[in-house]
Amino acid sequence: MIKSLVFLLEFLKGLWITAKHFWINIFFNFLKLIGFNIRDRGSVTIQYPEEKKEIARRHRSLHRILTREDGSPRCVACMLCMTVCPSECIYIEAEEDPNPEIQKRPSKFIIDLSRCCFCGFCVEACPEDALRMDTNIVELGEYNREKLIYDLNRLVRISK
Amino acid sequence: MAEKIKKRRTKKESLLLNMGPSHPAMHGTIRIMLELDGEKVLNSEVEIGYLHRGFEKTCENKTYFQVLPYTDRLNYVSPLINNTGYVMTIEKMLGIEIPERAKYIRTIMCEISRICDHLTCLAAMAMETGAFTVFLYMIKAREFLWDVLEQTTGARMTTSYIRIGGIKSDFPENYKQLIGKAVEETRKVLKDCHGLLTKNKIFLNRTRGVAVVSKEDAISYGFTGPCLRASGVYYDVRKAHPYLVYDQLDFEIPLGENGDNYDRYFVRMLEMEQSLRIIEQAVEKMPRGAIEIKNIEEILEPYKAIQSARVKRPTQNIKLSPNLEGTEKEKYPYILTDDKKYIIPPKEDTYTTITGLISHFKFFMKNHGIRPPKGEVYFSVEGANGELGFYIISDGTDKPYRLHLRAPCFHIMSALEMMIKGGYVADIIPTFGSINMIGGELDR
Amino acid sequence: MSLKFSPQIEKEINKIIKNYPQKQSALLSILHLAQKEFGYISEEVERLVAQILDIKPIRVREVVTFYTMFHQRPVGKYHIKVCRNISCSINGAEELIDYISEKLGIKVGETTPDKKFTLSVVECLGACEHAPCMQVNSEYYGNLDKKKIDLILERLNNDIND
Amino acid sequence: MERETRKMKESKTIKILKEKFPKDILKFSAPFGDETLLIKKDSLIKIMKFLKENPELGYSLLLDITCVDYLGEKPRFELIYHIYSFRLNHRLRIKTRIDEKNPITESVISLWKNANWLEREVYDMFGIKFKNHPDLRRILMYDEFEGYPLRKDYPLRKRQPRLPGLE
Amino acid sequence: MIKITINGKNYKVKEGLTILEASKQVGIEIPHFCYHPALESEGSCRMCLVEIKGVPKLQLACSTPIKDGMEIETENERVIEARKAVLEFLLAGHPLDCPICDKAGECKLQDYYYKFGLFEDRFEEEKPKRDKLFRIAPNLIYDQERCILCTRCVRFLREITKTGELGVLNRGKESLISIYEQELIENNYSGNLADICPVGAITDIDFRFKIRTWFLERKKSICPICSRGCNINIHFLSPSFPFKVEKRVFRITPEPNVKINGYWICNLGRYNYHYIDNDRILHPLKRNGELKQISWEEFYEDIGNKIKILIRRKKEEKIGVIVNLSLTNEEYETLEIFFNKCIPGTEIITFGKKSGKEDNFLLTEDRNANRKGAGKYRFKEKKIDILKFLNKKELVIFFGHEITEHCNIQLLSEALKDIKTKVLIASNKGPLINLVDYILPSTVIAEKEGSFTNSQGITQKFYRVLEPLGESRPEIEILTSLAQKSGIWRNFLMTRRAG
Amino acid sequence: MKADFITTKLDYVLGWARKFSLFQYPFVTACCGMEYMAAACAHFDIDRFGAGLTRFSPRQADLLLVVGTVTQKLAPVLRKIYDQMTEPKWVIAIGACAVSGGIYNNYAVVQGIDKIIPVDVYIPGCPPRPEAILDALIKLQNKIQNQPQAWKWREKLGK
Amino acid sequence: MFLDILIIAIKIILGISWLLTLTLILTWVERKESAVVQDRIGANRASILGLRVFGLFQPIADAIKMMFKEDFVPPFSNRFLHTIAPFLSFFFAVITLAAIPFGDEITIGSKVIALQIVRMNVGLVFILAMFSLGIYGIIIGGWASNNKYTLLGGMRGTAQIISYEIALGLSLIGLIMIYPSLELNEIVKYQGSLLFGFIPKWGVILQPLGFFIFLIAGMAETKRVPFDLPEGESEIIGFYTEYSGMKFGLFMMTDFVEVILISALVTTLFFGGWQVPYLYPDGFHFPWGGNILLNKWIVTVLQVLSFNLKVAFFCWLLVLARWTFPRYRYDQLMNLGWKLLIPMSFVNIIGTGLILILV
């Protein structure tokens, strides 16, 4: 009998915990509603499209290709990113550049985002600092699978 | 009379029920064929392999470096432990010693992962037994832990953070604060969950004495990790074959008594507390790194540096891209081994010197890169589910000849048929939850 | 090819060639002669020499560019050759080169507009004991410093006036 | 100090084994410090049983069974057992070679229960059959699947879809 | 034979070798840039320094001959230190070009730095600026900044081709390699310069930037361009390359074979590899008004029946076979069995490619890969009036398009008009395509195995390098399958077995 | 004319109701499930979009979330579940594996679920962040709102 | 006569609309409360004309969507039974409402109108009877779906409801022994009197054990966590696995309706129904003296409000419990019902009897 009383108490304790959460959250949510935003209390929910969770500086998000001063991509098509990419989502074709200092430039640079695993190896492999994943764009959903294939132009445009 | 009843019983048709693979409690990757007598399980057959992604075969076609992301996705709840296990196996082959700070960081990361894993496991178990709120609390705590991971590694889950020869990057500057907050929040949640589950009569009823695995059975089935310890066997790779800095830290291995679902739950709960202890100790004891010693001024954009290095090597510090933060040259000696053959050279060197550039290319090019000596090696770490062992055969090239994973939950899953036999249909769920089946690791 | 050696020199060349078992070995001597004849060794001269010796002109060019005493362009009256090899460099040759070029108002390899001075930099002159040193036409000047150079240049300048 | 004692123990297992089964052990090696024994295929059960049941050794935990395909070598396959002793705190690797033409070996299911699935996996991935196995079926792949994916001569990307239109 | 000691081990080697050659023979690699087995050693790179006991200074392995009892150390600290120093000097002025350099991956600088160097770059001075896009030949680009002045190229042109277009100009740090004025290297072996350059200074325009070397695999084969039978390496895209690319073969390099081609191949053989991927016939085609794709089975059925009928009607002479001179010995043997032995009476004529110019080195006049081999099986080129030959034939089988080089195509097409069945077995598209009814894809050399007998009479075997493109099949397979369908199978088998 | 007006209004209302009441069937198999959990939980709270209710019966679900790798062995199951769902239904492919096979380009994995079932929104990422999942949900809601709502009486009203 | 019918019709309409509105709100409450308990926010984006109102429109969206969802009948099953099951379930749940009083009688003119749809002297029995009829919906639905899981669910549900029905009934016997009538309004009225002069004679005070048993058994009747075995979302998915669209919606609504009804019953039987302590038809009369006299309309409003507030509280509590506890196992549930609740209710009956005899 005492045992079952103890159990009953445990039930009540459980209810007490949830009720506590309930009332505390109600209280602080109400405060938030009328304009007093007390940090770290109340619901932790981030109301997504309006407010966004701060993305870490180091976070690997959508790729972009950086450009030189004249707007041409910094990439010299060394193909290291293509080599190291474990998901084989980067494809590059190279061509000659008349400038002897550059010599080589990508004629095709395709990232198939649908395969990308966001490991960041391509960024680590890039010896020219041409590729970065610091756009903080993570909302990459598309209606079409083809749209997930990013070509050179699109990747360059992101950085602007 | 009794015999007659028995006879009639045996004549009775039993109900065949197919559970999974797309069953809410089967995590999408398990199928159990049940032979039921009412709600009692007479017999069962567990079918796995619905998440067999060809990990081992794929790895045979990838370089040692490229295998890293794949290891992330084995036990995807605690990727950093997988990383560590894989990387340390390679290190054992190469005979590299890594810096002390890197070891501590690895330890902290592993323990955070372990907590995440246990949280997720217990959350799922609780959810499947109906305690939805506990699930949400635990995942909430995990979110705080993941914040630490995200700030440090650049990804929330699949981090690819542990590297052959060390780690990818040093902690961010505010790491103490971050970890402190995560630990505090986790403690809070654990307290709540203890209140909601640990002594709750319903939960006790559901888990106590259910799916009991005796010591002998546990060993015979090759259990390791929390499930083995729940059966009362003292075996933990961290204690038996200490790696990283576990021998320098003070922690205990909680043991269960009965080997039932409750013990498996409780051992995990206690282990999380131990892990929190380990994290706190490690943060205290960790040797200071460059982030704590020097204030690094960032001056030059990398591209400018590359441009000017064509003429003359720039002398200013280079500001790395945010993704590469934590890998500045000053930090390198603290987080990576000094054997240059197996690590990516610091980005500053790659950008500005020919030697760095050559090392960089050598690391990344196919058929170059990391090439361990010929031979075979087995190394294991204490994964969240048990002994996570990597068996790698190298043929001297830059790709593993064979890579085999000793998946802890594979062994535990093989005992599932035994564990659910004679129980109720409803018992399958907490039992299944308590063994923490992770598809990626089980099916590989 | 319109360019030709004078018959006298041609004779001399033939004589020199005979001294060697292989024709090509006479290259150096013939180049000396050629420089004497034409003042400097132009592309045409190179081709001429190559034709005489039955070798590729590039070999002639190799020799001509290797030795600093051969000029590929017309030089001034005084050809100043400053050593920039190790001993001299350590002793400040670089500075002196800058100084001379500043003083003469020309860059290395150029000739003053009055066709008097040509400044060039050369590898070791074999006078390391006097480093830094330079050679003007066939004369050596060692242990140089700015003062000394002033003196030498002044003298040379005056020399012309004489 | 501790390490030394451990070394002693290691040699103890090997010593006992070498004494007991002089003819069955083909090769002893310790690559990267892991003690490895290559034994004859037929004496597998014998040695395993000894290792498990000998009170001095007590290798009661079967860590893993796996296989390697050395395509082009003879015999082609190598079975690898990792066992662990709580008593000695020691891991041991037992290897045995299996011929391509007759890939059958004895099952260790009578000693360890987890051998059931482990051997099924080896069967599934390499096509090695185990005698006395109660239920030798595919475990990770589906029944319609032809060939053994982890063999070296199976192409990485050869798909055998269960639904049409998946290549 | 004399005794020497290398790294404490005793070896017996032939007399007269240099240390480098001797250690290479016993399997010890000494790093080198300027040394090349076919060229005279110059000793300009200083990479091959080794220590000889009793000699105070380190010696050049490439130019020091061995002596009896010599004790050589190639791996001790002093040697490694010296190598490091040499490398450091070489790298001091080297541009940061790995990303755009085609040599990356097979560059000796990279390899040796990784193996012996791994030092920190201490060079903080300005790097020299030079000409980076210097065209030295129609097919070659020279990068002066990358050059380490090993002079392999200069020596190659002087010693092997004896044309000597290149020279080393200036001296000291100004040294550079150059052509004379605008006189480009225009010999038939210039392509080899890109191969022998140990760094990326000389790059081949044909290969430049097409692909990175680490994506390529190489396999040995035989060059089919002339009757020399040079041994070559075909560099093709590794099967593990994850993307689908039309081009499979990216370059051809020589495979050393002292007896035949030494270390070299000519430009003709080097650059004429496009036939492997371009203009290929991919599927069996049949003309029924217009060309339509058919299956191999259909073809075997059609032609087999035709042959069967002709044999039954004892009109073997109505079958005409026109063979070229680029098939393998095995194929000739099969042809011989098929047409000469099993269907005696068939008329066979042989036409090869027209002869070209020979140069004095490797390239021969005869542009057929296997004239000698064909000769062995009695396939000899004779002057025959083709039109006469074609007269009153009912079935003609062409192997290759070579016949069109020997006759007026107008006349040929007219002559072919009367013939009922015309079959072409060829790997590439050509002029005959419009004239025949059946077009069958056969494989190119790189896709089949067999052997060639070169003009010197050496028979060389080669193996399959690439998978056949499309539905193409080796001729030997076509003939065998055809034999099966044309009712001579048993005979065919027996003769083959007997042969 | 009037009928048209009514149908467009009804279309709008129906679209509104449907987009805010997406009962989901999570077909969770692998890694992305962890992020999906995160999206469903306190910090991101997918319930805010009215898509919080998970129905583990395909009959009741409107939205099939394919979360994680689909292997060849699992493909028939996925197909069956899609077929079992009642109209109207939508599919979101979450994660690289579901979209295209991701890093697993080998013998065991289906290279994109769109070869088995039609997909409305693709989310790349391995795994995608919860934000990406929520964003995709908003994109799907837009799509639902703007697409014609097929319903029984549409034809009767004279289209 | 006509007036009577009109009044009853109005009452029925009012009652049902009250119930349905409350149901819809309860679905919202369920969502929001669970969210807040779990540190979330919960559905709040369903907006009409840009107004979000804390997601209050969410239930509307759900309802509209479900109505237009494809109606699915599994092949090889009885179409009629499959269709009728949810309606049965819903009907028997809603009809229970008839006996519940919302307030005291009001008098308009000469007409005395009970704030209760039907006043019947077997109210309590009627309610119990209707509750137990509800299982037909479940078992028919479970069987007609032609699915093993639904069958399991249906069987579980049947067994559960039947066994808890007993406990539910027995727990009330104590009350019946005390209260003078089976008519619910009478019971409520009785609870208006005071014990010892100051404690309201609410059922919970007279029958704490009975209340406890009734609450648990009532929760079990609603088939919600921790007693949601027939649904058992993560085990057997539930007896309505094969239902889609509005039929499924009906099952869901039945759940919520039952929650409301159980709350209403608890309120009525144990918490004084519409009674406000010390409130009499003419106003407050506090036992410690002092009166506040009120208009009779205000009193009525207060009473109805009080009833609604109490119902709301219990709804809140039941929802809270649903989000707090894990789920029972089938055999444990049976154990709890048969071995704990039923004996306890017997104890309760005997104890009550003894006390009644003694007092």
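Residue numbering begins at 1 within each chain, and the chains themselves are lettered A, B, C, D, E, F and G in the order written.
Convention: contacts are C-beta pairs under 8 Å (C-beta built on N, C-alpha and C of every residue); 3 or more make two chains touch, one makes a residue touch a chain.
Quantities reported herein were computed from a predicted structural model and do not represent experimental measurements.
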item	value
Comparison of A-F and C-E (more C-beta pairs in contact)	A-F
For chain B paired with chain D, centre-to-centre distance based on mean C-alpha positions, whole Å	25
Length of the line joining the C-alpha centres of chain D and chain F, rounded to whole Å	45
Distance from chain C to chain B - Cα centre to Cα centre, in angstrom	74
Chain C and chain G, separation of their C-alpha mean positions in angstrom	114
Residue list for chain E, restricted to those that touch at least two other chains	98-99, 104, 212, 214-215, 242
Two or more partner chains touched - positions in chain B	23-24, 49, 52, 54, 57-58, 61, 69-70, 133, 136-137, 140, 143, 158, 196, 200, 306, 310, 357, 360-361, 365-366
Residue numbers of chain A (touch at least two other chains)	11, 14, 17-18, 21, 43-45, 47, 55, 80, 83, 86-88, 101, 117-119, 127-128
Chain pairs in mutual contact under the definition given at the outset	A-B, A-E, A-F, A-G, B-D, B-E, B-F, B-G, C-E, D-F, F-G
Chain B - residues contacting chain D, complex	48-49, 52, 54, 56-58, 60-61, 92-93, 217, 219-222, 224, 233, 235, 240-241, 375-378, 380, 387, 389, 391, 393, 401-402, 404, 406, 410-411, 413-415, 418, 443-444
Chain F partner contacts - residues on chain D that touch it in the complex	141-142, 149, 154-163, 165-167
Touch list for chain F against partner chain B, complex	27-31, 33-35, 37-38, 40-43, 54, 56, 68-69, 71, 73-74, 77-78, 81, 103-104, 106-109, 126-127, 129
Touch list for chain B against partner chain F, complex	21-24, 27-29, 49-54, 57-58, 69-70, 73, 76-77, 120, 123, 135-137, 139-140, 142-143, 146, 156-158, 439-440
Residue numbers on chain E that touch chain B, as the complex places them	91, 94-96, 98-99, 104-105, 109-110, 113-114, 117-121, 123-127, 129, 212, 214-215, 240
